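Shared between the two complexes below is chain A, which has chain B as its partner in the first and chain C in the second.
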Partner chain A sequence: MSFLVLDHLRKSFGPTRVVDDFSLSVDKGEFISFLGPSGCGKTTVLRMVAGFEAPSDGRILIDGQDVTRLRPNQRQIGMVFQAYALFPNLTVAGNVGFGLRVAGVPRAARADRVAEMLALIGLPDLGGRYPWQLSGGQQQRVALARALAPSPRVLLLDEPLSALDAKIRLSLRNQIRDIQQQLGITTIFVTHDQEEALSISDRIVVMHRGIADQTGTPSDIYNHPATGFVAGFVGTLNRFSAEVVDPVAGHVRVEGADIALGRLLPPGRVTLAARPESLKVAPEGIPARITGVEFLGSVHRLRARAGGAELVLDRFNAPGEALPRPGDHVRISAAPAAWLVLPE
Partner chain B sequence: MKQIGWNWLGVVPFFAFALLFLVLPTMNIVIGAFQNPQGEFTLRNLAGLSSPRIVDSFAISIKVSLATAILGCLIGFAMAAAVVMGGLPGWVKAPLMTFSGVASNFAGVPLAFAFIATLGRIGLVTMLLRQWFGINIYAMGFNLLSFWGLTLTYLFFQIPLMILIITPALEGLKREWREAAEVLGASTGQYWRMVALPILFPSLLGTFALLFANSFGAVATAYALTGSSLSIVPIMLFAQIRGDVLQDPHLGYAMAFGMIVVTGLANLAYVIMRSRAERWMR
Partner chain C sequence: MKRFWSWAAIAFGAIYFLLPLIGTIEFSLRMRRGEYSLDAYASVLADPNFRATFGYSVVMALLTILLGVLIVVPTAYWVRLRLPRLRPVIEFITLLPLVIPAIVVVFGYIRLYNTSSVLPLTGTATGTNILLLCGYAMLALPYMYRAVDTGLSTLDVRALTEAAQSLGAGWVGIIGRLILPNVLGAVMSGAFLSFAIVIGEFTMAALLNRPAFGPYMQLLGANRAYEPAALAVIAFGVTWGCMGLLQLISRLLGVRKTAT
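Presenting the complex of A and B:
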């Protein structure tokens, strides 16, 4: 039996359906990300799990217990908000100890736990500070410690890094993952940043218009996107309009070039797609013109135009190897298995 | 050399106004409180403040001001909280705020006569209560021209003033604070006691001080309402200045000086308490 079960959740605000038929089973200790564009319903699902919104339909179970009708303060859930939600009138220690204080934990035991939590987040000396004396990254770490201090059954994080600058975002997301693994706490992490989701999750739920489009491991989601939306939202994708020449042998034609895919295809037209790192400059393939070359350190990013399509090709940096130049006419192809076939 | 700007010209009218109508009169009062009619220095005026009538008038002024400030804060806070925190539908808010804006300035003679016309001995509400329900509020001990009558009348502008000032503060409470407290296991009461009220405390304190001063200085309402039947300081002062009672304007200066001292002490207490309550602010 899964530890956290979301069973056919629906939520409407007035006539607008915001979450539709959302089901998910999470194992104990698993790290799940909800990934999707702004407004797709990620926060709403999270708020239903926390108990701030009542589902219009469906159930929520934690450890076998139906919590759908429980108030937030009865659910034993930890939550970290997007904006700094620390209590401004309490010190760092007061914030971290808040959950224990309302639960009636004696002062001495509380102080021990607070010290333990501050050590866990790497801020052992800041217990006496007030929130306004902390940087944004420190505040979010304190918010994490505050959520974890009462040993919740589930940890919910709603875009906890989106207000921070890039460098801190990177180090803090790794710290969140480390702490989560150390404690083995079941976690749902909401983000609209695909790189964030790919890098720290056990599994990702890609959401689109209130629906879970695909649930899978990061490599599943990236390499085998189930829908056109997932393919386009996660990672960069080059798309070509292709005519299926032989559906059984798997031959298509793009911009006058023949490509063998070696798999069964639907007849008619399809969209052929490939990641930037899969596309190569080759002797045979789709004719294209190079429009730009950028050096990004580990890769060279080539920009090209083929027919109406703007393309991006990433090539590992190999010193000494000749690169095409802007204006060059080249041909572009990919390994047959690397092509994604999406409905037109 | 640093260039001398002309920006300060813009605030000259303000400072001239403040000097003319605030600083100079205040200095005049303070100096006058220590002078006899011949313009010589004396402490007799201050000594005169200890006469029982004047001490009484200060005591009752402070009592009325405290009562209307406390009740105004409590009732106004409850009403503002009901509007901001939900419970009441959204369309209630705009009319309430507009009404508060008007009512908080509805003082003086019109207010007094409005209350006499409704709750006076032959006021509309008094008569309706007697004729329809057989309730005679005056027989039950109510009197508009009394401590509680004056308090009730003052509340008519004190409550709206509280609503006007505290509503933005309540709206400044972030939803995340309440939700964070709740998900950490706090009850609604615990959230208010440990988070919301401590955050609001400086604003509450400030409004309380303002309501106190507002009520302490209100003279016209009191005079129109009670005439001389309830001797609060402003009325005594009014009488002194008009020369009705003792024909000693310098005793009037001393009383005004006393009011400045009381208001100043109230503000000092406020500043000290506020700086303690605001330790957590930047």
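Presenting the complex of A and C:
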């Protein structure tokens, strides 16, 4: 039995359906990311789990208990907001201890727990400060400690890193993952940043227009996208329009080049797609013209045009190896298994 | 030239405000023939009626503040949290006491709560006190509501509420531990304005026949020469004392006021 179950959740605001038939089972201690573009309903699902929105339909279960009708303050769920939402009248220690105070934990036990939490987030000496005396990254860590202090059953984070600058974002996301694993707390993390989701999640739910398009491990999502939307939203994708020549043997034709995929294909036309790191300049393949070369440190990024398609190819930086130059006519291919076949 | 006119405006304002005050103070010191003295003040302070009515009004003022806070803070909070579209309506309602004369309100009270009504509040002294308290709270409403609402506008009420809820807090906890402490500075400024209003209020207290400071001032003014001037100066001092206290307290609380 899964620890957290979202069972056919639906939510409409007036006539607009914002979340449709959303189901998910989360194991205890799992780290789940909701990934999707802005406005796709991630926050709404999270708020239903927290109890701030009532689902129009469906159920939410935590540890076997139906919490759908429970008020937010009875759910034992920790929540971290994008805008921190620290209590401005309380010190850092007061903020972290707030949930314990509400629960009637005696002062001494509370102080111990607050100290423990501040140590956990790496700010052991800031208990006496007020929120406005902290940087954004520090405030968000305090918000995390505050959410964790009462030992919630589930931790929810709604784009907790979006308001921070790039460097802090990177270090804090690793810290969140470390703390999550240390405590083994069941976590849902909302983000619109695919790199963030790929790097820290056990599983990712890719959302699109209120629907869960695909749920899977980061490598599943990246390597085997279930829909065109997932393929395009997660990572960069090069797409080709292909004509299926032999559905059984798995032969297609792209821009006059024959490509053998070695798998069963639907008849007619399909979209053939490949990641930038899968595409190679090769003796055989799709004819293309190089339009640009960028050096990004660990990789060279080649831009090319094949028929009407703009392509991106990433090539590991291997000093001494010859690179094509802008204007060169080349041929491009990928290993048969690296090609994704999407419905046209 | 511009400078000249701004100075002239300031001078005119100063004369407009200060001359009557100086005149009153000067007059209040002339009780003893031929020399300045504090006799009028001594006479006022020695009057047991002064002490009784002033004490009564101070207690009423404090109760008014308490009632005002209990009504206004949860209301203004709830409107911001759940009924933001009703804010203009609520704001309009809270401004009504400035538009409707107190005398109209008090006659309404007397008609509604007289001894032959369902709720005969005017039948007993306690009942009438309660009625007067409600009247005072209503008079103070515009000031209290504005102050608190302005205080709330500096907070992200919804996010703070949700954060507190997810930490297990109920409504009483949220208002008591979170909202009230965060708008305390604003509550204070509303409170002192309420105080100043109640101390000098005449119409309601007189028509409900309660022994308040306002009617006492009027009575004294009608019957004595120098004492009313002394009383006016005392009342003025009390009011300004309140304002000063207000500044002081909001500055002390301001230390913990948040930026973002």
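Keep this in mind: the second predicted complex is superposed on the first by the 344 of 344 C-alpha atoms of A that agree within 3 Å, B and C clash if a C-alpha of one lies under 4 Å from a C-alpha of the other, contacts with A are read in each partner's own complex, and residues count from 1 in each chain.
Simple rule for what comes next: a residue touches a chain if its C-beta (ideal position, glycine included) is under 8 Å from a C-beta of that chain, and two chains touch if they have at least 3 such contacts.
Since the model is a prediction, treat every value here as computed from it, not as a measurement.
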{"item": "Clash or fit, chain B versus chain C on superposed chain A", "value": "clash"}
{"item": "Partner chain in contact with A:Ala109 - chain B first, chain C second, else both or neither", "value": "neither"}
{"item": "Which of chain B and chain C A:Ala119 touches, first, second, both or neither", "value": "neither"}
{"item": "Chain B versus chain C as contact partner of A:Phe81, first or second or both or neither", "value": "both"}
{"item": "Touching partner for A:Ala335 - first (chain B), second (chain C), both, neither", "value": "neither"}
{"item": "Contacts of A:Phe98 with chain B and chain C, given as first, second, both or neither", "value": "both"}
{"item": "Chain B versus chain C as contact partner of A:Asn73, first or second or both or neither", "value": "both"}
{"item": "From 3-11, 21-29 or 219-227, the chain B stretch with C-alpha clashes against chain C", "value": "21-29"}
{"item": "Intersection of the chain A residues that touch chain B with those that touch chain C", "value": "50-52, 71-73, 75-79, 81, 83, 85-89, 98-99, 101-103, 130, 132, 143, 146-147, 150"}
{"item": "In the complex with chain A, residue positions of chain C that touch it", "value": "155-156, 159-160, 162-170, 173, 177-178, 181-182, 256-260"}
{"item": "Touching residues (chain side chain B, partner chain A) in the complex", "value": "174, 176-177, 179-187, 190, 194-195, 198-199, 279-282"}
{"item": "In the complex with chain C, residue positions of chain A that touch it", "value": "50-52, 71-79, 81, 83, 85-89, 98-99, 101-103, 130-132, 143, 146-147, 150, 152"}
{"item": "Chain A - residues contacting chain B, complex", "value": "50-52, 71-73, 75-79, 81, 83, 85-91, 98-99, 101-103, 130, 132, 143, 146-147, 150"}
